[in-house]
Every structure is written in structure tokens, then in C-alpha cells.
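Structure first, commentary second.
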Amino acid sequence: MDHSLRELYQEVILDHSRHPRHFGVLENATHKAEGYNPLCGDKVHVMLVLDKDGRVADIRFTGKGCAISQASASMMTEMLAGRTLAEAQKLMDGFIHLVKGEEAPGLSADDREHLDVMAGLSEFPMRVKCATLAWHTFSNAIEEGAIAAAEGAAS
Amino acid sequence: MDHSLRELYQEVILDHSRHPRHFGVLENATHKAEGYNPLCGDKVHVMLVLDKDGRVADIRFTGKGCAISQASASMMTEMLAGRTLAEAQKLMDGFIHLVKGEEAPGLSADDREHLDVMAGLSEFPMRVKCATLAWHTFSNAIEEGAIAAAEGAAS
Amino acid sequence: MTAQVKIVPGFDAAKARADFPILSRQVHGKPLVYLDSGASAQKPRVVLDAMNEFARTNYANVHRGVHYLSGAATDAYEAARRTVQKFVNAAREDEIVFTKGGTEAINLVSYSFLAPAIHPGDEIVLSVMEHHSNIVPWHFLRERQGAVLRWVDVRDDGSLDIEALDAAITPKTKLIAITHMSNVLGTVTPLAEIVARAHAKGVPVLADGAQGAVHEIVDVQALDIDFYALTGHKLYGPTGIGALYAKRKHLRAMRPFNGGGEMIREVTRDIVTYADPPARFEAGTPPIIEAVGLAAAMDYLSGFDRAAVRAHEHDLYAYARQAVGELNWVRVIGDAPGKGAILSFEAEGMHAHDVATILDREGVAVRAGHHCAQVLMERFGVASTTRASFGLYNNRSDVDTLLAGLTKAREILGS
Amino acid sequence: MTAQVKIVPGFDAAKARADFPILSRQVHGKPLVYLDSGASAQKPRVVLDAMNEFARTNYANVHRGVHYLSGAATDAYEAARRTVQKFVNAAREDEIVFTKGGTEAINLVSYSFLAPAIHPGDEIVLSVMEHHSNIVPWHFLRERQGAVLRWVDVRDDGSLDIEALDAAITPKTKLIAITHMSNVLGTVTPLAEIVARAHAKGVPVLADGAQGAVHEIVDVQALDIDFYALTGHKLYGPTGIGALYAKRKHLRAMRPFNGGGEMIREVTRDIVTYADPPARFEAGTPPIIEAVGLAAAMDYLSGFDRAAVRAHEHDLYAYARQAVGELNWVRVIGDAPGKGAILSFEAEGMHAHDVATILDREGVAVRAGHHCAQVLMERFGVASTTRASFGLYNNRSDVDTLLAGLTKAREILGS
């Protein structure tokens, strides 16, 4: 059996994709964005609460997609919760390097260990976009997705 | 020296092209048309008087063009003068066959002899359009180029 | 490209397969199993050789010179037009316009035929199984000129509801734009009947033949159709070329689309007059080498007994359909009677992209996604499907590999 | 197509000539002397081989699948885009849109950039030496939307009158559309200065680079130009492909041109949203194999010391110009300083078509006619000219054959 396929579809990934964490709507989100992959039709919504200190206080997502995009979104929400934007950015950069099979010097040892299940993607360049969709959507939510204060909670 | 070139640019042809017969404007024309070859920009105007018996009583042309198109127009006017439309059509069909190097059974021996100087064109398929331009224009003048009776003379 | 085509009865699929150099390559260490001909077909040696040979010996720009090569290239280009004419059985060669592909052929009709005639509220009838290339040009007319799109549904088996189509025609209908063969469902539409009903109400019909021209025998005169669009790259021909058949009366009345060299009669500072069709619609240097390649592809295809080719493809489809039908975790979309050899399906708990990735590792090329048919995806309530589409070079062993791959996907992705 | 290009200093014309298979053929029993590169250039072996090889080993549709070949083809296609980007020194790869040719690139600007912005009376500035492909799209805007064309003259030597151009810009000017190099006169326009003057008045500039991209080194960033159109077939590349460079800010604001697959974000029955550039402007299956060929052609050309290539071509031109200048029965049209290697002339008492026919029998391919530049023909009071245009593969012996042929034409056609 194909080793790289087993690497890609490890139990952890399949588990995340079947039982995504932080899945659902965040009523009091301060930021949100919709991500869309026009090539496959996959969609993801990312919603989050950014607190006064610029930390991701809460984060959720909804959407439909392949195992990779769902697992990636699920893991992302798990890892981003509680981080500052600067930390989030660093994590995202590291993640993108990692799935492309490049050096990811910015990642902490702990984060690297956590993300290691995604490293198999570097053998599947056609699927990298699936893995990065949620992350780019998070980034868009921060940059352009601020929700008017009336609606939102903090900030 | 290239035999087929000498065939094409015989003295008769060059003479017709340098001293075209029936060149000029026909004031009392009953039919006229403009022919245009968009590929080279050559233009020819054909004007004629069709008398009551359906005969080409007079015919002239103006225009600019290559030696072949000028000579062909000149020879055409010479040969069409005095013919009925049916005779003209037959001559034209024969001419077109001839310059394409095809059998031209409809031509009288006399006409064939006259047109023989054009037979060399069959070696130059790219130039056939130059030779037929005036003839097609004549044909258009008959079909769509009738001039309102007020302007024209006979008919 | 002017070769007399001799048809051999029956169809020797193994022999045909050998005509396609790419099919002997490996992918991920496995023999290539190419089941993505619906997206684009592979090219036989004769097509590549014809283009190569032409470029090496007879190339020049067309319609522009009196020198030998210019004449040779023009002859080849115009002979290619006659090959297309024969392929769709058009009455005249000047009813064939070369385009850059199927999409441009449809846009040409939209820009040059329909746009000048559209008033707000005018209607265009479409089926829900159209490819985006036969939807978006009409959406333009909605966005820009207030046209109304009237959608005709398909039945649950994917067949066209012809009564619904008939009912969708109103006095405001300006065009029916419909696929000849769906690139997702494989459904073949009853074009002759559609045209008859449309013409009875004075409405012209455009068929998107991107798929249909490959798998069905097209006779535009028998169909009496107004417009038929086809594309080279799905027809075992090159990219960068397609063709529009249009009735002469339409072409003569249509305004130009792109402006440039070759499509004019005269240009001055103040005015411009246009050439007759088809030149009027072929602005600029056309895809000359590609036209030669398309003609070679059509000659190649016409050299087969096309009914036998169709039967071969259908046999593969039926074999796959039967096997997949036995898997209770697979839902097939598109079972219309008389459909072409395209198998689209959803597998329970498995996203099409994941399925396609696993199949790819087995050497099997299938497509996963919305197939440029989002309206149809919505109709069937799916975000994407996996699609295996068959070409004349496929065989039963390809299907077996596909099926084995599916089982493996189920193993890996679980249930 | 992603090969690192290594530049060899100087230019070995004889060696380059051997790269072109067609140049060893005969025409009418004489060795081919191809002096019609301005209409379309011949293709070197590397270009034909790159296309052939790609089609035989890595072909599939692009941007559409997750399978291996789809990835390989997409990589090749996008690598080709980066090759074009580098070739014109664009800042970003998404500023390059693939088109079917130079004509379509200009039409894209007309339909997607200018048409939505034109109100009756708005002005477009053109030079009288434009090719029809850079005239007719603007005539469309005159015919359809009431735009006004403002013509800028050339001087008697064929050089652009830049002061006249400056003076032609008014508050109503919406675009300057100007050739980089005239296909008849060989005149090279001072694009940087034109852009500077235009931008000073807030007017964008489109350059028609169909000829310029072949013979000049293009740096769209240094020029700060808004749009630059080029075509493959004149650049020793395939037919069926061209490219538009456009500033990102323009592309992002432009509406789509053709509608179809690949250029959308989402399509429903009621609405459609569009993809970001460049995809927004590449509806349908693009010319994939041709993009690979274009990249190979650009790599081929970039592999030379281009200044040396230009010097070589200019040497041939100067040699021919000098010799023809000594014939008192020949009138040369176009003597602008710094012009490119194109020689257009009228011969006393001899029509261009007759001259070209006689030259053809000597194996010499030249063009005769209006060269899709009727406005320019009118400016110089001629119906047509004979044009010899040089490519990198020509040599002095080609010029000698041309000259001998001219003498012969004079003999045959008399004076």
C-alpha cells in the first residue's frame, strides 16, 4: 500500500475531518470571512473573537470540503485559540512552509510536533490549496472581516 | 529565366496593363459596381450601358491594381462590348475555368485564342483573384448595380 | 488534411490505443489510466505529426501574401475549414468560423448575434445541466442588458425535460442555448426535437457541442440547427482551436466580435467596413497550425466506424456503471437513456478530491469537482462529484483499475 | 520551459539559422529566402519539440483536476506565464493574461477596460501607422458608443510626431493606443516618453507590441506602461497564443471579456461572480500546448544576446536599404532614426503584387499589399507596398537574392 497515501490520510487527519473541533457558528464574532476554492467548490467560513489584547479569544468554522481541508481547518482552530495575531501569523507562515515541504524555521518545537501530521502533504502539491484554505480565510477575516461593533462583542 | 513568369507577363498582358483599353468613366452608364480585393487593396470600378436588347453597348473601367488585374479588366472590356448577357456569362465562366487551369468547353475557338494569354495564370494560383476581380465586378454590376433610370440613358 | 478518409468497419480499440503516445507512460510508478477525456482528450500521433510537419515545411501566415508558403498555408487552413464543414455536414464552408475553443464559439454568438438584439426582459432558455461556458455568456446579457435566464430542469435520471423546455419558450424568448451532451451526466439531448419545437415558435437554437461533437455524429443540416459550437482539444485535437457552425443567414447579419486584421473590407480614419463571413469573425492571425491539427483529428476520428467507437465507449461505461451500481456506498448521478460514456458519482463519506487523490496514486486520472457545472451540482444537492469519462482509447482493464482504486479509497478513508 | 536561460554574447546567425527546419526547404526549385517574418516568423526546432514533447508526455487540461497530469500541465502552463512575465519584466505573474494572439489582447482592453468607461465624445488617441488590430477595436467604440478617434500623424520619414501626440491629448482622452514598432515602416516609438507625457495628463497607454516584443527588449516596469500586447507567432512561437500585460490595478477593475469555465468564482441560476485576474480573463480551456510553445520561443530568444540579434537584423536592413537606395526606380517608405529591420518600398511602374510574384519564383517570400495598415497607406498615398521584413535567421545572401530578384522584376515588368 502506498506509503505517502497512508501518511496523508493518517488516523489523526481522518479523525479531525470526521469530528472537526470548533465546528459551528460563533454568534459574538468580531471578525469573519468566507473562503472558497473555485476549483472544487469547497467553502469554509471562519469566525473569531479578537479580544482587547489582540488575542484570538474564540474561533469556529463551518463549511464543507475534503478530508484535508476539514482536518486542516479543525487543527487550525485548535491551535490558534489563545494566540496573539503575531503568533498566529508566525504559525501560519510555518504551516504553509511545512505543507509545501519547505524549511519552517519559525515554528516552535511544540507546534511542529502538532503539525507534523500535515507534513505528508508536501508529496501532494495538488492538495496544498485544500490545506491552506482555512488559514487564508482566517487571515482574510483579520484583514478585511471586522464586524461592525454594534454586532460584535469586544474591540 | 523562368518560363512560367514569361508566360504570365507576356507582352500582350503588359501592354494591356500599361495602356488599358476602355479605361475611364462612362457618364451614361446603366449599371456599375465597385470591386475590391481586401487582401491587396486593389480596386476596380466597372461601368456599362446595357441596351434594350440586353446587349453590352458600352463598357469602361477605372481603378488601380497589379498588371494582372489591370490587363484582365482591359481585355474583359474589349471582349464584352457588344455581347448579350448570356454570351457574357458564358465567356466569364470559360475565363474562370481557364485561369484555374481547368477545362473550358464553353469557350468558342475565337475567344479561347483571345484569352490564351491568360492561361499562364493557372501556374499562379495566388494570382487568380487578381484576374477575376474585374469579371466578378462586372457580374455584380449586372446583378445589383442598376442605376436609377433618371440617371441612366437607355433601358 | 485533405486526405480521403477511408472508414474501417468495427473498431479495434487496442490498435487505436497504440496511436496515443502518452498512454504508454507511467504515473506514480503505475501505468497511466486516463479517464479524464471529458476535460480534455489525449492526442494521437497523427495529429501531433500533422502539426509538426506543417510547421516544418509549409508554415506562413494565411490570406496575406502572394508567396508560395503563404499560399500553401492558406490552402491548408481553408482545407481544414472544409474538413470541419464535412465533419458537421454543413451546407457551405463559409458557415464555419474558427475560434479559439468551445467557449469562444459560444461567446461569439452571445456578442455578435444576441447582444445587439437583446432588450430588457428578453429571455434566454437554458438547461440546468449547462457547462459554465454555456451559462456565463448569457449571464453577461442579464447583467449588462437586462436579459432574463429561464432555466429548464432535468429529471432525476438526468434526462432533459423536453416538455418543460417547450413550456419555457415564450414570445420573449430570443434563444435556446443547450448542450448536446452533458459533461457531467453524459445526457445526450434530443437536438432535432428541440430545434423543431423552437423553430415552431420562431426561436433559434444554439447547441454546445463541446462533448457532443466527440461522441455523436453531427449533421447540422438534418438538425436544422442555427448554431453548433465545438472544440478541438476534446476531439483528440490541439488546444487553442474550436469552431462555430452558424447558418449563413445568421452570420451575414451578425456584427463583428473582435476587431483587427483580416476581418475588414476597408479601414479609414473615419469609417470601417467589414469582410463577409467567415472572415468577419476571424480577426487577427488565426490558430493556423491548430486548424491543421484539428483537421487531422477529425480525419482521424472519421476514419473509424463511429457507431462502433460509440458502442465501444458505451460498453466501458455500462461495465463500470454495473460494477459501481453494486457498491451501496456509491451514488451515481446521471442515468438518462441513451447517455454517453461519462460516469459521475458521489461516494459516501468520501470527498471527491480525496477519492481522486487516491485514484491518482494508482495511475488513474479522474476529475473531481463541480466540472464547471455549479448549477447542476446545486440541482443534485452535491458540492462536487468524481467523474470518469471515457475516450476511444480506454479499455476494460482501465475500468478494473478504477474499481480497484475505489475499493482502496474506501479502505483508506474508511466509511 | 522553466529552464535557466544562459546568454551567449554576440550572435552566431549561421548557427541560429540551422535551428529552423523550414529554412532548408526549396520553393519553385530555389532555396527559400524568407523575408516575411513581419507577417509571421518561422519556428525553431526547440519550440516545435517542446510542444510535441509536452503533448506526448504531460498533457491534460489545466486548473481542473487533482491528478498527476493535470498538475503537470498546470505547472507547465503557469511556468509559461512566468516566462512571459520575465520576458516583459512585469512585477507580478498575475499581470499576464494569455490570449489567442495580439489582436485578441487589444480587443480585451477594448471590451473590458475601455468600453465600460466610454461616453459619447470621449477620445482615443491613435497614430496613423497602427495595424488594423489596433484600429478596428477602437472603431467599434466609435460605432457603438460614440467615441472619437484622434489621429496622430507621422513625419515623412515615418517617425512619430511626439509633439502632435502630446497636442492630441485632451481632457476627454481615455486612452492612447500606439504601436511599439510599425509593421510597415519599422518605426520604433519612444514608449517611455509617450507614457510620461500621457501619465502627466492622467491618460493610460496601450502599446501594440506585436512587432516590438520581437525586436526590442521590453521592460514594462521601466516604461511604466499600462498595457502591452504581444503575440506568439511573430516571436518564433506558435499560432493561437498571445499575451496581454496589464497593470494589476487595471486588471482588478476590469470586467470580464469572454464568459465560461475557469473565469468564475461562483455561478448560480441568478448570479455570477468572477475569479481574480488573470483567471477572470481566461475563459474556457486556454491554449495550453501553445503556452508551452510560447515559453520555449521566449526562452530561445532570451538565450541570445538580444542586442547582438538586433544589430544583426539591423545590419541586414542597412545593407538592403543602401542597395535599394541606389535604384532610382524604388521609393522606400519609412526611414525613421532607430527603426527596426523592415523595408517597405514602391517600385516605379510595378505593382507590389507583381513584384512579389516574381520574387517568389526566385524563392524569395516578401509581402505585398496594405499590410493591414490602410490608414498608413493613405497617409503615404500608396495602395500597397512590397515589404521585406527580417528575422534573426536571415543573412546577407538573403538580401542579395532579394536584390537580384528586384532587378529581374524590372526586366520582366519593364519600366
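Order as written gives the chain letters A, B, C and D; numbering starts at 1 within each chain.
Criterion: a contact is a pair of C-beta atoms (placed from the backbone, for glycine too) under 8 Å apart; a residue touches a chain by one contact, two chains touch by 3 or more.
Since we're looking at a predicted model, the values are computed, not measured.
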item	value
Chain whose Cα centroid lies at the greatest distance from that of subunit D	A
Between subunit D and subunit A, distance of the C-alpha-averaged centres to the nearest whole Å	46
Where subunit B and subunit D are represented by their mean Cα positions, the distance between them in whole Å	38
Whole-Å gap separating subunit C and subunit D, where each centre is the average of the chain's CA atoms	31
Multi-chain contact sites of subunit D, meaning residues that touch two or more partners	28, 64-67, 70, 264, 266, 353, 357, 368-369, 374
Multi-partner residues of subunit A (each touching 2 or more other chains)	39, 126-127
Chain-to-chain touches, reported pairwise for every pair that qualifies	A-C, A-D, B-C, B-D, C-D
Residue numbers on subunit A that touch subunit D, as the complex places them	36, 38-39, 125-127
Subunit A contact footprint on subunit D (complex, rising order)	63-67, 70-71, 264-266, 275
Residues of subunit D that touch subunit B when the two form their complex	28, 349-354, 357-358, 361, 368-370, 374, 377, 383-384, 408, 412-414
Of all residues in subunit C, those that touch subunit D in their complex	21-22, 25, 27-28, 32, 34, 36, 39-40, 42-43, 48, 51-52, 55-61, 64-70, 100-104, 106-107, 110, 128, 131-133, 135-137, 139-140, 143, 149, 151, 231, 233, 238-241, 256, 258-264, 266-272, 283-290, 353, 356-357, 359-360, 364-369, 372, 374-375, 378
Subunit B to subunit D touching residues, read off their complex	1-2, 4-6, 8-9, 14, 18, 39-43, 64-68, 124, 126-127, 130
